[in-house]
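So, here's a batch of structures to check.
Here come two complexes built around chain A, the first alongside chain B, the second alongside chain C.
For the complex of A and B:
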């Protein structure tokens, strides 16, 4: 329990640190904030005035504390490009990304674990070779390229799935598959080696000697023992999905956090970048936190 | 100690006075007959267990003794087809349990037999129990692998087995995980797991090797009690002659995949006829002997691939004759034991 509390405290520190890092990085990365909002004909004085209005003429540390103060009051600020309220924008984008990310995460484990288990149990057979090659391919193929190939096959050649946009579940298929691909590949390999490791344990022989069926031994005992490393790295899978969401949402025109963030960075829309980047940090941190808690829950040594 | 005191007389042999060798007239529970187990790979093929014959009767402890690599564990594992296959395969012989050849069973038939008719106890109890499940869950799974039982029935069977295995507080242990148990308690849990489906035979592969000496004695005593209370046949695999002396009724000494001497434990230990048995006994430290008096068995055990014709022990044997190099000795009765030797010790 204290371990979990310590973890939560550490998470809070991390959130503050990363909010400042994002805040500073976007300001130090150059580019002209005023270009997105003001016409090209705007004079230097106009630009100065605009910076004053949005508070960007202040020292960076003061800007940061103003930003923190506003955030704690629930004011996320407005977009610099169209003055839209970020809070109004946030809910929709976050929900869209959550749907896509959750679908991908489910695919990662729902496909990766069974395939890894089968590969391990049929090791050195053609089934194993097939699954392992598939997972090597999954790791080697860049996801933007995979996205284009899948769009070409399923949206253009066979026209069974939409190429981009958002609507029913059919719109979710291609982006979530692309987003999950590398995670599936890694989970397959990790599960395979964890299962092989577990199979070498003496207790498997004990269970056999007690007359348990193979099915029960593999699906209950071996899988449960092999889950530890998979669960402990589930946080990394979340991080991966969040990272790739930036690319995948842009390619598939998925109106989520990733797409919004990429557009905001291109326009130097500081408040939008700050908020959505922080959202990603929170998701990754929560993912890791959930993974540690999950690890504690599945490991009886830590639970007791 | 030996079957002399056994009141049960097989009806087929009624009238026979159960003296030494008379056990051979009863029907064994488990009969290993000229068993060969070997490595069969793409370009290797050699046997590790080379024609082992052993009989295990009810109400007896048979100790199979030998040094590391002599094939005693592999013999034990192959009874329940638990040997690592591939690369190991049973290449010849038969293993009969109540007359049925186990080497011909299907995987499903073998599974039904494991734990219910013949159980096994393994060497290192700490790693032989699944760390992710409680003692109770392990035992109830084993119960339900063999019969339909309600949760409460399975729980009762598990608690009873824990008590029979000599565990003080079965209810508490039921909810504990293996990492919470000491080595001795873990081994008792293993025994409970072996008992929970009430088998007739237990094969214990070095059950006390990983344990403290005091715990060893308790575990052996528990096995002896089980034999007596339940009339079980227990095959005890060990490299420790002290264990043989403490609990075994009969013993078989193995060397390089063969039984080289067998008989009642008392006879084999008191008057060994095979030079190897003799050497092993001379290598056992005694309280009234000096370290300098200990005589190791000279030389090293050959690899199974190196075995040639003749006696496998001859290169290490002080009593080797010319014919030992060419002629493979057979296991033949000599006084009160049976010996595989051309020039036995008298």
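For the complex of A and C:
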């Protein structure tokens, strides 16, 4: 219990530090805000006045706390490119990313675990070789190229799924599959080796001797013992999915946090970069926290 | 059996080395054979694979895809080598210091490691691009930074385990200096681990560079990065699907080769590493 509390406290410190790091990295960047916001004819005095008005003449730590304060009051500032309010933008984008990320996370486990189990139970057969090669390929294929292959097959050749955009569930299929691909490959590998480890335990032999059916032994006892560590680490997959979402959302024109962030970086729209980068960092940090709590819960040796 | 013979019997390692050697040779000799990667020929755009004079065809501006793709291999390799060299040197050093010295310094380093570990690689690279600008340098720095942390993390754990072992305790009791214990007793046991890990992080570096160039934050035109070629080609998939497929296949082969080599080395040197590597998410 104390281990978990300590971990939560550490996460709070981490969140604080990382939000400041993101804030500072963007403030200290070479870009001149006055050049982006003011006409070229503005004099040095105009620029000074502008910096004072938006609070950029203050020390950075002070700016940071002002920013946090405003954030908790729901004021996230405005975009530099179209002056749109970021708070108005945020809810929509976050919801879209959540839908995509959740779909991918479900796919990772729904596909990865059964495949890994089958590979382990049919070890060294052609089924195992097939599944294992599939997972090696799945880890080596760059996800943005996988995206293009799937678009080419399903959207251009057979025209059964849309290539990009957002609408019903059909728009969700390709991006979530691409986002899940590496997680699936990794989960297959982990499940396979975990099941193989469990099968080597004495209790499996005892259960067999007790006359339980293979099916019951595999599904009830072996799978449960093997899966706890894998599922408890689901939080780590969250971090991975967040990273990839940056690229996958761009390819599929999925209007989420990742796409908004990449576009904002390309346009040097710093207030937008700042907020959306912060959102991703918070999600990943919480995912890591969930993973370490999950791991402590299922591993009594770490519980102390 | 000697190490070399054991290596030759390891199928994964051999397959990975063969694929890797093929791609590296393409990268070395391709640009010499296929000529200028930037020469445009607007009347001969979108030529298919096998066009006379253009082995892999041409892109929208009539530039030779074979020349561009093989030059792209050079860029990928350059980034991978730079990133991995930085990450292995700094990661091993930091991990060894933290693991051996322990105490406050270790606490501080571990906190930093946990802190940076919280950021996904692509996000760090995007932030680096936001603060230094787009290009290969921020990509190299960001990926090296994250990979250093990844290696330091594992090395620290290994050092913690090794420094409890009897031979280290004996060396300490024998009055040897810290420097000598680290360099003679701990480093030889930890460096193989760092090397196996580094082969995974070569793959990470190749994919990260390609992905960032794909979204426009990596190598800038006219440099022909493979990721950027995939991105250029995607607009013309209906006309000439090879423009994005060829660079895609090359990236795939490079990453596949490095992962096979990594798996092979791991089985060869240290089967215990399996879980440590798999828990470390790739990319």
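Throughout what follows, the second predicted complex is superposed on the first by the 257 of 304 C-alpha atoms of A that agree within 3 Å, B and C clash if a C-alpha of one lies under 4 Å from a C-alpha of the other, contacts with A are read in each partner's own complex, and residues count from 1 in each chain.
Note that in this section a residue touches a chain if its C-beta (ideal position, glycine included) is under 8 Å from a C-beta of that chain, and two chains touch if they have at least 3 such contacts.
Everything quoted here is computed from the prediction, not taken from an experiment.
Q: Tell me the contact category for A:145 with respect to chain B and chain C: first, second, both or neither.
A: It touches chain C, and chain B stays clear.
Q: Does the superposition put A:170 against chain B (first), chain C (second), both, or neither?
A: In the superposed model, A:170 contacts neither chain B nor chain C.
Q: When the two structures are laid over each other on chain A, which of chain B and chain C touches more residues of chain A?
A: Touching more of chain A: C.
Q: Mind working out whether A:205 is in touch with chain B, chain C, both or neither, as first, second, both or neither?
A: Touch status of A:205: first partner only.
Q: Quick one: is A:95 in contact with chain B, with chain C, with both, or with neither? Answer first, second, both or neither.
A: Neither chain B nor chain C is touched by A:95.
Q: Considering only the touch criterion stated at the top, classify A:62 as touching first (chain B), second (chain C), both, or neither.
A: A:62 contacts neither chain B nor chain C.
Q: Mind pulling up the chain A residues that touch chain C in the complex?
A: 10, 14, 17-18, 21-22, 25-26, 28-30, 136-137, 139-145, 148-149, 151-152, 156, 182, 186, 189-190, 193, 233, 236-237, 239-240, 242-244, 246-247, 250-251, 261-262, 265-266, 268, 270, 273, 277, 280-281, 284-285, 288
Q: How about chain C: which of its residues touch chain A in the complex?
A: Touching chain A from chain C are residues 111, 114-115, 117-123, 126-127, 129-134, 203, 207, 210-211, 214-217, 227, 230-231, 233-234, 237-238, 241, 244, 248, 251-252, 255-256, 259-260, 263, 274-275, 278-279, 281-283.
Q: Which of the residues in chain B come into contact with chain A in the complex?
A: The contact residues of chain B facing chain A are 80, 82, 111-116, 119-120, 122, 124, 127-134, 138, 141-142, 145-146, 177, 179-180, 190, 193-194, 196-197.
Q: Across the complex, what residues on chain A touch chain B?
A: Where chain A meets chain B, its residues are 201-203, 205-214, 216, 220-221, 224-225, 298-301, 304.
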